[in-house]
Amino acid sequence: MGRYEEFTKFRQDMNKKILEQGTFEIKRFFGIDERAYHAGILDAKTKELMGLAASLVLRCDDCVNYHIVQALDKGATNGELFETFTVSLVVGGSIVIPHLRRAVAFLEEMGERIGASSGAGSKG
Amino acid sequence: MGRYEEFTKFRQDMNKKILEQGTFEIKRFFGIDERAYHAGILDAKTKELMGLAASLVLRCDDCVNYHIVQALDKGATNGELFETFTVSLVVGGSIVIPHLRRAVAFLEEMGERIGASSGAGSKG
Amino acid sequence: MGRYEEFTKFRQDMNKKILEQGTFEIKRFFGIDERAYHAGILDAKTKELMGLAASLVLRCDDCVNYHIVQALDKGATNGELFETFTVSLVVGGSIVIPHLRRAVAFLEEMGERIGASSGAGSKG
Amino acid sequence: MGRYEEFTKFRQDMNKKILEQGTFEIKRFFGIDERAYHAGILDAKTKELMGLAASLVLRCDDCVNYHIVQALDKGATNGELFETFTVSLVVGGSIVIPHLRRAVAFLEEMGERIGASSGAGSKG
Amino acid sequence: MGRYEEFTKFRQDMNKKILEQGTFEIKRFFGIDERAYHAGILDAKTKELMGLAASLVLRCDDCVNYHIVQALDKGATNGELFETFTVSLVVGGSIVIPHLRRAVAFLEEMGERIGASSGAGSKG
Amino acid sequence: MGRYEEFTKFRQDMNKKILEQGTFEIKRFFGIDERAYHAGILDAKTKELMGLAASLVLRCDDCVNYHIVQALDKGATNGELFETFTVSLVVGGSIVIPHLRRAVAFLEEMGERIGASSGAGSKG
């Protein structure tokens, strides 16, 4: 199981536990956290890139990875991601750089995964 | 002189002083801070909304006001701004709310200003 | 109109505007933000003091003032508030001090207000 | 040696080195950091839960784990911990979630450990 | 009474109240907060500039002003202050800029005050 | 390959990728991020210690390690580093402690490395 699969499994397992034991407010919060990125007046890709910028300046690696996956899924290109990185770096300064390095490593890993699966003729 | 004019004047006066006395790096930083929001692969409005989201979660009122002005100038609607507020509130939590209140007050002030000036047949 | 009344009025006016124009998610968030402090397994005073500590370390003056009002309303004493300040100061360090100064000034203002109104035989 | 033992050993070893080499101010700080959570007007459990909330909104995993251990030791129940998580999540927003996932994983690990040791008739 | 005098008076009055009502830990913290900037292996000016950089990236205006006063008192020049601003801006990003503007405005106010008083042949 | 070599390799590889794919603004930012620590009116060691203090209060482990390496290279002593830690701890509070523990562990690792290489008669 690769690093991405491990993270995804941990994420799912723990979210499940949180929602099982969680209070009404926690459950509600998880609901609006999902809905906030649905297409509305702004499209879903724009919202994911916005979530990515917010996550980068707040320096939350897991959040960054999550929004990269979602943004790619909504059709974001590398060019769009790097312009999002640019705004985040300028707003947040050099302390964003270690998170940017990890974001670029993760993006590359995602690219290889997508490349591999599209080579196999399917995005699945 | 209104609150907005006062803030703008202070901002311009101080930026001038900073650039006069500032180091090479400070000047360069001010340069890329401006360029980062220029239209590229992503359009300028999207970048301003992204800057607004980053500013809200980092809770910087002056930055929030600045990006609201710029986003309105690039054609952002109230609906788009409120969806940006939504992502920011969900990412950043209730500590964003006091900044959101000031953002909405500022947005209203801007709306009246634009309304007044377009009533006079001119935006310039 | 005093400083506290002004803040309260601004807060109410802006919350009203936010809820009128806000998205579904913003409204839901405001709902759970209120519910999170209701008595549950932990009593309401403990939750307010907890919200106060979180607000102090995140350095949000409006949030600090709000939780001071709520904590006093739930029966918190000055002694309990100062122990909450202690934990917050130790966790958050000297950058908490300016917020602590404003918190103590606000607490004093609230004390005089409560003193005055109870002298008049009524809290309402 | 499990993950918890490893962390505890690293923590103790490094605290020892810090106190050996540290300045007067560092030593004093470590002293008041311990004292701040002693029972006073507020009981020790409440202070630990407060420290937990502050640590969660500041997103410090080691601090979160430490306060979970201390809170459990002072008799905090899962229900009380989840209400503390609720306040923290609402105050700090979705960027708290990755830390909440790790907190719940750690809490579970602690629960199994306590379960195991109480099964053996002793808490040690 | 000018802005600086007002701030200084508020600061002194509130510190007095905090120390009167404060817990043992709060008093101790205030003690080490003062001692941390005393000359040691590093001289006092360097420590004040370090405190200034830390305050700028954490975006605490009162702390910034305090360390500017102290650094000037320990002989820091405008050139040294602007190099400190440079490191802070690069580390902390554009959200530092509003605080930098206020820092430069405050520094100018201090310069005029010092200029005026030395013109009068006295600093006291 | 040790932990330090691994981190350095990852850092270099990712910086290379960022600069290859990065926007004009990202490249410029990396340029001023390097220049900001060059000797000017303040010497390079002082600037690195300042960068270290800023990194500690912002709780960025990679940044802390980087500035420790640079500060040692510019001749900083353990005593100077611990006084920098002191200011950082007092400004940033107990949430800095986990980062301080990792900083001290890293500093020790660096000390052994330097000790080993100077035993071999060379620093290069």
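So that you can tell them apart, the chains are marked A, B, C, D, E and F in the order they are listed, and the count of residues begins at 1 in each.
Note that in this section a contact is a pair of C-beta atoms (placed from the backbone, for glycine too) under 8 Å apart; a residue touches a chain by one contact, two chains touch by 3 or more.
Small disclaimer: the values here were computed from a predicted structure and weren't measured.
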Selected pair, out of B-C, A-C or E-F, that shares over half of its residue contact pairs with B-E: B-C
Shared interface numbering between subunit E and subunit C [over half = same, under half = different]: different
Per Cα centroids, the chain farthest from subunit C: F
Pair sharing more residue contacts (C-beta pairs) when D-F is set against C-D: C-D
Chain separated most widely from subunit B, comparing mean CA positions: D
Interchain centroid distance [CA atoms averaged], subunit A/subunit D, Å: 28
Distance from subunit F to subunit C - Cα centre to Cα centre, in angstrom: 40
Centre-of-Cα separation between subunit B and subunit A, whole angstrom: 25
Centre-to-centre distance between subunit E and subunit D (centres being mean Cα positions), rounded to whole Å: 34
Junction residues of subunit F, two or more chains touched: 23, 25, 29, 32-33, 36, 40, 55, 57-58, 63, 83, 86, 89-92, 94-95
Residues on subunit D engaged by subunit E in the complex (per definition of touch): 23-25, 28-29, 31-32, 35-36, 40
Footprint of subunit F on subunit E - complex, ascending: 32-33, 36-37, 40-42, 46-47, 49-51, 53-58, 63, 77, 79-80, 83-84, 86-88, 90-92
Complex contacts: residues of subunit C adjacent to subunit E: 59, 78, 82-83, 85-86, 89-90, 94-95, 97-98, 100-102, 104-105, 108
Of all residues in subunit A, those that touch subunit E in their complex: 57, 89-96
Residues of subunit C touching subunit B in the complex: 10-11, 14-15, 17-18, 21-23, 25-26, 29, 33, 55, 58, 60-63
